[in-house]
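Below you'll find the structure, written out as structure tokens, and then a few comments.
Labels for the chains are A, B and C, by order of writing; each one numbers its residues from 1.
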């Protein structure tokens, strides 16, 4: 099969970008989208042009590096997969495919299709952890955790940090990411002591980073390669307001 | 102030503020509609109700101030959120598809702004009473002899103009649409929407917003089509008689013609 | 070169405890005066950075990714072993130790492996406390599954993504330390050179992959947790960007490279579908519990699998290994698949594949049960191949999955180059010639959380407490110049062939001659071909773009240049090891029935290679392996 590509090319974060057109010929429908880009890049290199920069690594949908906006949807037309798990059979012979990087002010473009998502790391640093010293942990079975809670925490923990939620949201809100990260720990008994400070700090950092606000449209959840539920956003809202109220009225040690 | 900071500075706080102010306003419009539905009863009913509200005096002003503040907060925070949301992605995509956002949710700003314009007009129309001449705001006498504003006639008179009626219908339609997203959304924003009952919540929302629209539309259509008629003799231009079957107990002079005659006279 | 493993005295089970108890320490108030560079942010790197930062050292952690969370530890599916004996099925530290030694085909250090088994339990405790959502029973206790090479259920898991969950646990601990300011994180920084001052590792040179900026960093010690080198083969289950550059630079600066020929080939991967392929995807070993592996009996039988009658199918694992059948260990199953394909009985378009058939299991248990057990794996298979494994058998073929070899380290995880520590897959120490399933995650976290933080003070205590060497020193200047030279040479080469084309050709040579079955002739041939290819690469590679911005071709070029040298070393090591053991199978050394023939007389040792200069033959050193506790036995699965 053959497809035409409209690819966003941008030299670096300082310069303006624009679309370039390419043709990808003689493709095997069982090729992954990134393998198709490999082929295009190989041709570009052989022609003496500069290949398209795109983020990728594990190519099995778990590292969260790949991040293309394909025909207006993060990670391409299929549901519940990352860009690396999108295959050419999802397109028709002769299609024109528009490929853009994930865009948000909090995610500056590094080059071409590569976006810098360090803002997520910042959020994580402000509270996405349980403070436990290495070696200070009690026996793993000391605290039983019901299977339903463990499974729900696992649903949240499935987040691969790719940023598709931000890319899909018309407001570039990071609520699904933050809610998944905070939600996982807030659900588990291990996360309880720091639950309130966790949500307050993570939300404050998220707000500072320049993400937009959630307008409850759930595009994030629909675009998420792990289909993380917007229910965690609801939980984050609840946890945040209760933490705020508690902060106002809670007794404090001297 | 920490409270102010939470409610007006943090992203989740702002959404909470939107939800709570939205909920108050929703409560108000439902109350307002149930009040208005009294138009289908005897005119005295709604007129007495309106009079009761007006007679609250300082309390009424308190309520008005509260509602107005709520509205201002709702609009102000919405504007703030909109600006922030626009700023969060200054360079937009060339192509972006919608995955599951409802149409209502995508046009909240449009419906909100039109509804706001409508509210202003509506207040000028019925509360401040300046959009029409004085003849549009008659008075009447209740059974106990109190002279009150004839809200019943005001409403019917108000919707006689098809332009105004259509504007009302449209605005109420948009408000219902606004509620269709707003109602579900407020539960999400305060953290009460969960997968376990979100489908039920969505259905309730549809029923509520459609009923709200139908309730309002019924009043407008009824007034427009003459199913509800003006019964105030001074408006109609005739005096009442003792044994009027409509007014029954009212002690006044007779009226012979019906409301259709009034219209003929006026035209 | 002296290879002193520094294994502590005393009985095996007491060695680690005694070693910690008697080792030197750094005073808490002095810890912050010591700077430690950690390269890599995978399981080993992140856990070590977090723990050392928490202890008070001044840590700098480097990753070439945009976030520490993207390291390839994240892709491990199956689970992590720990001798908790929560199942009451007879597990113990000793049994985990023994299984690992035997699984490694008696080519690993007893003391290291015993230590690994000891700390395995602390790892699970630590991860649970961090909020890692391991699978649980209804009663709320942790759940376990069984894995190959063990008769007990000791594998802890988190759905099909144990690696991601463990890495996120370590990443969260690291994030906390970065937030507290004890660890400084350098993302998008690729280590391109090791700096050695007075014979000790004291710094690194990095390139910011986004800006091209070359930077010098100094420290009192350098720790590598940079993963394995399986991408030498081009096609593997490794991430595309996994590379051996950091380890290779250390080797060229004097660190010995141990057992480079030990590579693990995983038997159940989705076969290559075409020339364009960039990556092989693993299908979990657990599928072999219910799937039956077969190939057609007839050569070149191109009929669809469902049309091949039962009597024309060869269930070769069941035939050759009746007692283990389809659950024969990884190395053995892989070789058997290769044999079938070499005979011309392979299936699929390329003829490189065998069937993993679930039809019997579906008939016996019903499709629903199979869906419950393997639904997500069948979905991945469908996603990639567009075929439903419920209707037609899966096609599988072995693929490179892990490298047991790596930089040589002593019991303290320090290489022969003082001040250079190596952890996780990047070192050679714990898996011998073959790694058991669910042991890689265990080793990475053991090294990072518990081993290195307890052994690094043994070195640091003797290092003067003054500042780390100045980055303006001559050693740093020379190292930076080397990096600049290499980079510019690649950019200015103006050749005609892409980096990728060389990587592919190298991969083919490695797979054909240094893959699942190795021969003297083949390895000698590879030792001719690789230097030729390297020469061609130097002359004719084309690296488009500039050096002062993101340039993925340039990054890849540097990595492939190192693979072109490392590949040769692997072949050299494979040629020198005149025996078959674990992942290293020499065709000349097998029993008449085709089983691997170990030579414990001559090869019960670690082979560590010393760099002798550009394009010169490296020197092979030997560290004998002494077995006090266990006895050599032949692995038999018949």
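In this text, a residue touches a chain if its C-beta (ideal position, glycine included) is under 8 Å from a C-beta of that chain, and two chains touch if they have at least 3 such contacts.
Not measured: the values here are computed from a predicted model.
Asker: Have a look at which chains touch which and call the overall pattern line, ring, star, complete or other.
Answerer: line
Asker: I want to compare two interfaces, A-B and A-C. Which one has more contacting C-beta pairs?
Answerer: Between the two chain pairs, A-C has more contacting C-beta pairs.
Asker: When you take the mean of every protein CA atom shown, which chain's own CA mean is nearest to it?
Answerer: Closest chain centre to the overall C-alpha centroid: A.
Asker: Any idea how many Å lie between the Cα centroids of chain B and chain C?
Answerer: Chain centres of chain B and chain C, defined by C-alpha means, are spaced 68 Å apart.
Asker: In whole angstrom, what separates the CA-based centres of chain A and chain B?
Answerer: The answer is 42 Å.
Asker: What is the distance, in whole Å, between the centres of chain A and chain C, each centre taken as the mean of its C-alpha atoms?
Answerer: Centre-to-centre distance between chain A and chain C: 27 Å.
Asker: By residue number and range, which residues of chain A touch two or more other chains?
Answerer: none
Asker: Which of the residues in chain A end up touching chain C in this complex?
Answerer: Contacts found on chain A: 11-12, 28-32, 34-36, 38-39, 42, 44-46, 48-51, 53, 55-60, 62-65, 81, 85, 87, 89, 110-111, 114, 116-118, 120-121, 124-126, 128-141, 143-147, 150-151, 153-154, 157-158, 160-161, 184-185, 188, 190-191.
Asker: Which bits of chain C are touching chain A when the two form their complex?
Answerer: 47, 50-51, 54, 65-72, 74-75, 84, 86, 122, 124-142, 158-159, 161, 163-165, 168, 171-173, 175-176, 178-179, 185, 187, 210, 239-241, 273-274, 276-279, 281-282, 383-386, 449-450, 453, 498, 500-501, 542, 544-545, 549-553
Asker: Quick one: which bits of chain A touch chain B in the complex? Just the residue numbers, please.
Answerer: Spelled out, the residues of chain A in touch with chain B are 6, 8, 19, 69, 71-73, 98, 100, 103-106, 168, 170-173, 175, 203-204, 206-207, 210-219, 221-223, 229-231, 233-241, 244, 247-248.
Asker: Applying the document's contact rule, which stretches of chain B touch chain A when the two form their complex?
Answerer: 2-3, 6, 9-16, 81, 84-85, 87-102, 105-106, 108, 181, 184-185, 187-195, 198
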